[in-house]
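Read from first to last, the chains carry the letters A, B, C and D; within each, the first residue is number 1.
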Amino acid sequence: MSTINEISLKEAAGLIQDGDCIAFSGFTIWRRPVALCYEMVRQGKKNLHLFEVQGGFHSEVLIGAGCVKMWEGSWIGQELLGKTGVNLSRKQCGGEVIVDDYSHGHAVARIQAGAIGVPFFPTALAMGTDILNPEYDGFARAGQRDGSNPYVARKKYEIVKDSFYDMGELLLMPAINPKVALVYAPMVGTEGTVRVLAQSYNDSDVIKAAETVIVICEEIVPDEYLRREPTQNLATGYEIDYVVKCPWAAHPTGSQYYYDTDADFLRYFNANTRTQEQFDKWADEWIFSVDSHEEYLEKLGVKRIEMLRASQALGYSTRVKRGMR
Amino acid sequence: MNASNEYAKVGEFKPIDLLAAAGAREVNDGDVVFAGTGLPMLAITLAQYTHAPNSRCIYEAGSIDGRPIDLPTSVGDARCCYQCAKAGGLYEAFYGQLHSGYVDLGFLGGAEIDKYGNLNTTVIGDYNSPKVRFTGSGGNADINSYATRTVFIMNQEKRRFREKIDYVTSPGWRVKKWPTGEWVPRREVYGKFFRGGPTAVITDMAVFRFDEEGLMYLDTVHPGFTVEDVKANVGFDLNVSRVSGETKPPTYHELDLLYKKVDPEGIFLP
Amino acid sequence: MSTINEISLKEAAGLIQDGDCIAFSGFTIWRRPVALCYEMVRQGKKNLHLFEVQGGFHSEVLIGAGCVKMWEGSWIGQELLGKTGVNLSRKQCGGEVIVDDYSHGHAVARIQAGAIGVPFFPTALAMGTDILNPEYDGFARAGQRDGSNPYVARKKYEIVKDSFYDMGELLLMPAINPKVALVYAPMVGTEGTVRVLAQSYNDSDVIKAAETVIVICEEIVPDEYLRREPTQNLATGYEIDYVVKCPWAAHPTGSQYYYDTDADFLRYFNANTRTQEQFDKWADEWIFSVDSHEEYLEKLGVKRIEMLRASQALGYSTRVKRGMR
Amino acid sequence: MNASNEYAKVGEFKPIDLLAAAGAREVNDGDVVFAGTGLPMLAITLAQYTHAPNSRCIYEAGSIDGRPIDLPTSVGDARCCYQCAKAGGLYEAFYGQLHSGYVDLGFLGGAEIDKYGNLNTTVIGDYNSPKVRFTGSGGNADINSYATRTVFIMNQEKRRFREKIDYVTSPGWRVKKWPTGEWVPRREVYGKFFRGGPTAVITDMAVFRFDEEGLMYLDTVHPGFTVEDVKANVGFDLNVSRVSGETKPPTYHELDLLYKKVDPEGIFLP
């Protein structure tokens, strides 16, 4: 019978050090630890190194606010609600953020290797592309591959030959073991058992791979309840370090069976943070003008909140207007 | 519901309707399809309603063979999981399904393409100091490297159909062999991991396919456009010697399905 | 809407060719496709090559009956109900079966690699042991590692050096892609969706790794029912090839929420098949004297069947006497 | 229930009771324990009832931190899953947990052991034409290579405590470095993957531990036995210079727990 180490949102963000290598839960615009990212912006974090299987709104906020120095991942954007990551685009083109690109399958392999404690993972995905172009190895060009940064491998990848079945050449991708995992989960048990709903994404890998795991959740529930269906649980209590209780922490990204993605909010963000001036104005309104997550929710208002609330039968909102009809 | 299998006439459908219908026709019954967000969702869903009821769709976030009752706007959407056969994570999707060899057809989009079907979804300009950054690869490179067949859905613009694209995100029929970067046939890089490659590109003007050498050629031109229109919107010397005719428009039944069953909310279809 | 390819038990066993490389579902004495193994014995299969993450009653039956020429795996036995695999022991010591040993972690790595289509998997487990002793490479000694047998790798393992994080030496273990997977699952859907209950073991990997997959099940249920909880499903319809409906097909191994392991049956088998004469007598009684699975069940009798039936609340039988009190 | 923490006297407990109690004492509160079938289950469960309520147990088949209300007879048993925190498969157990580095303590058995804590659970005789085959490694080699501490529970027999065992199934403090097979300290083979190694061997006669060089020494002798009894049942020259006294017997409370709560059905305890 273990207990959880429950801390506040401010304390949780306070655990992040400038320069930390961070990975996140979720997928593009689903189950991202957004409230934690807002608070990190308020606390003025700098020089963060983000490893992302794929990025989304949360990373666009951190990047736009100037918290990020290094970004590696396979993709950034908000899918149909903002096709490209306009903030990363601006900062990458402006030379403010060092970027290193992978394919989705490469990134999945890297976090899987980190999760299971092996230094690399084999894959034959995405061979023959510029992802493997040594000239485009962003981290190497920034002098990060000399072994001095424990969160950057000495090589971006290795080509090896299979000697077991004569399959020819394939790739080894290096593991990634971030310093901190910031994980949004709808439910955490009183003993720290973690559950996510509908789809697990890479959340278990992110938890296992990271040195320190902070889980921000909608609600803390009896562990006994979660243990009735142990195949549905994502992580055990000893895999996580801190828990923050913070309803709607993922907004404007969605959380299945709790709330839908806030399409209007995301579209507005994407359309109105293309320049730094625009971003700063947006951040003033949604991050700096509120001092707590409770204030943020008040600002969203009941009508918006209720529109986003998910159907308990379907897992998503049936009230939100999504299209043109 | 209009059950007529007669083709609609020019003016009775929008470009996007034809894109969806032409896309759907690339799906064979029984195919396991790995599809991205957006138009591919329309195409595969339409195919399931018509000639390919046994086709199954995998989305990148890990849902397999879902039967959404509301069109998803993200491949991670809760809607994708409704009545799906399995909901795993990305490791399951990319390794348990794609790398394991189950995927017959990939449905992808892109910003730039070259005549070998190499695709760019990463940057415009030099990668090391780009003019614009797009999303990056996502699953594009992976799906395109491991699906037996890949179909691209793109906008027809000269600046998108280029002799040389700025960044090879996703592998076509001639690719770069590392560490030198020498251009070689795809099979030389993939060896025994070779499973196939790009088979069609569908745009708002035409359908393109790839010949035995992996070179893109014009197959059909959409109603209302000419071969010359297409050539004028392709930045490389396009092979037009194998044009097989006009792209079939959507049928009335397909149009009805698209607007009443596939996307009744008007998320993609205005 | 796909359909399943339903065949009879006899037809299913008939698909197995002499010499085939086979892997099984389950764990030691749980969820083994026993009825199929019995039928394979009846049909007189020969020279089989078993890859087993770990073996159990089903493999002891096939080995005892002389169906097996090559066995590789990490373990064989029936846990507390028959600690060692007495039939493999007899045949290995007698030189009748070629054996190659791995650790459990090595075997898990091998089937995982096979499942995801990579030729090898990295691991640092069980280094420094005789499992890696080249003198004890049973398959190499039998001349099987020359590349001519597609189910045997050219090397038992490889030692490689990590060049990403300077972690030093670790192992690559070769993938295994058996020709046939024989899988017991409690439920298969009308479109082929497969569900197992309580624990998944390596069943998904075995299915993905094999070329042909035969699933023997307790019942065929509406696919729609299984699709209500998609995170609980093991495999999709297109991952499997044939379905056999055969209640109690796993007996005397257990199937959670259907029936418990038959402890008396297993203990008796282990104690009374140590010599070939003993095994033959046992096989006469339980395999050859019955011509169908229905006859086998009649022979077990209602009392035994009912004693083994699992509590629907707990997943195991509360009627079976297990200990001395 | 007897709540007395007084030690039971010789004659009031069976050898197996002491084994279970001594095993339980090796568990620290908070430990993540990876345990095999049989006696280890008694030991870890007893520890959870007494001084280590926050210890958690992983079984090889994939159940994590279960709270069985009926003692399992197999690590794949449905009983292991009751109220467990997570039920995954073997990939989760061996890679997601063990290789990932979460396991503090391994609880294992074996047929033969040498003075460096190498264990044999595979064959007696030459592997290539053995006299007897046992189960094989199972998770023994893995758990013993990746748990921070490992405790073995074994029978005390001269033929089981050998100078040289017939097959090294599971790695002790000096192991074989391949491809040559040269004996080297464990750290030399495991390098940065080194996490620890065998810490104790508990038999029906005594408790052994390992010194700084990884050599086994006698720590405590069970009530009713002498150092000479133990030496007579060890096949190598045993270091008895560090004996710290007599093994503590089970308490009345522990005995009560073992027979009334841990194994009321009498599966292991007659």
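Just so it is clear, a contact is a pair of C-beta atoms (placed from the backbone, for glycine too) under 8 Å apart; a residue touches a chain by one contact, two chains touch by 3 or more.
The structure presented is a predicted model; accordingly, all values stated were derived computationally and were not measured.
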item: Selected interface, A-B versus B-C, where C-beta contact pairs are more numerous; value: A-B
item: Distance between chain centroids, defined by C-alpha means - subunit A, subunit D (Å); value: 41
item: CA centroid of subunit C to CA centroid of subunit D, Å; value: 27
item: Per-residue overlap in subunit B, given as positions that touch at least 2 other chains; value: 63, 81, 87-88, 95, 99
item: In subunit C, residues with contacts to at least two other chains; value: 117-118, 123-124, 166-167, 170, 198-200, 204, 231
item: Chain contact graph, described as a line, ring, star, complete graph or other shape; value: other
item: Chains that touch, pairwise; value: A-B, A-C, A-D, B-C, C-D
item: Sites on subunit B touched by subunit C in the complex; value: 30, 32, 53-54, 56, 63-67, 81, 83-88, 95-96, 99-102
item: Subunit D-touching residues of subunit C, taken from the complex the two chains share; value: 26-30, 53-54, 73-77, 79-81, 83-85, 88-89, 92-93, 95, 99, 101-106, 108-109, 112, 123-136, 138, 141, 159, 166-170, 198-205, 254, 256-257, 260-261, 263, 310, 314-316, 318, 322-325
item: In the complex with subunit D, residue positions of subunit A that touch it; value: 1-2, 115-118, 191, 193, 204, 208, 223-224, 226-228, 230-231, 233-239
item: Subunit D residues within the subunit C interface of the complex; value: 37-38, 60-63, 69-70, 73-82, 87-91, 94-95, 98-99, 118, 122-123, 127-142, 145-146, 167-171, 175-179, 181, 186, 189-193, 263-268, 270
item: Subunit A-touching residues of subunit C, taken from the complex the two chains share; value: 113, 117-124, 147, 150, 153-155, 158, 162-167, 170, 172, 174-175, 198-200, 231-232
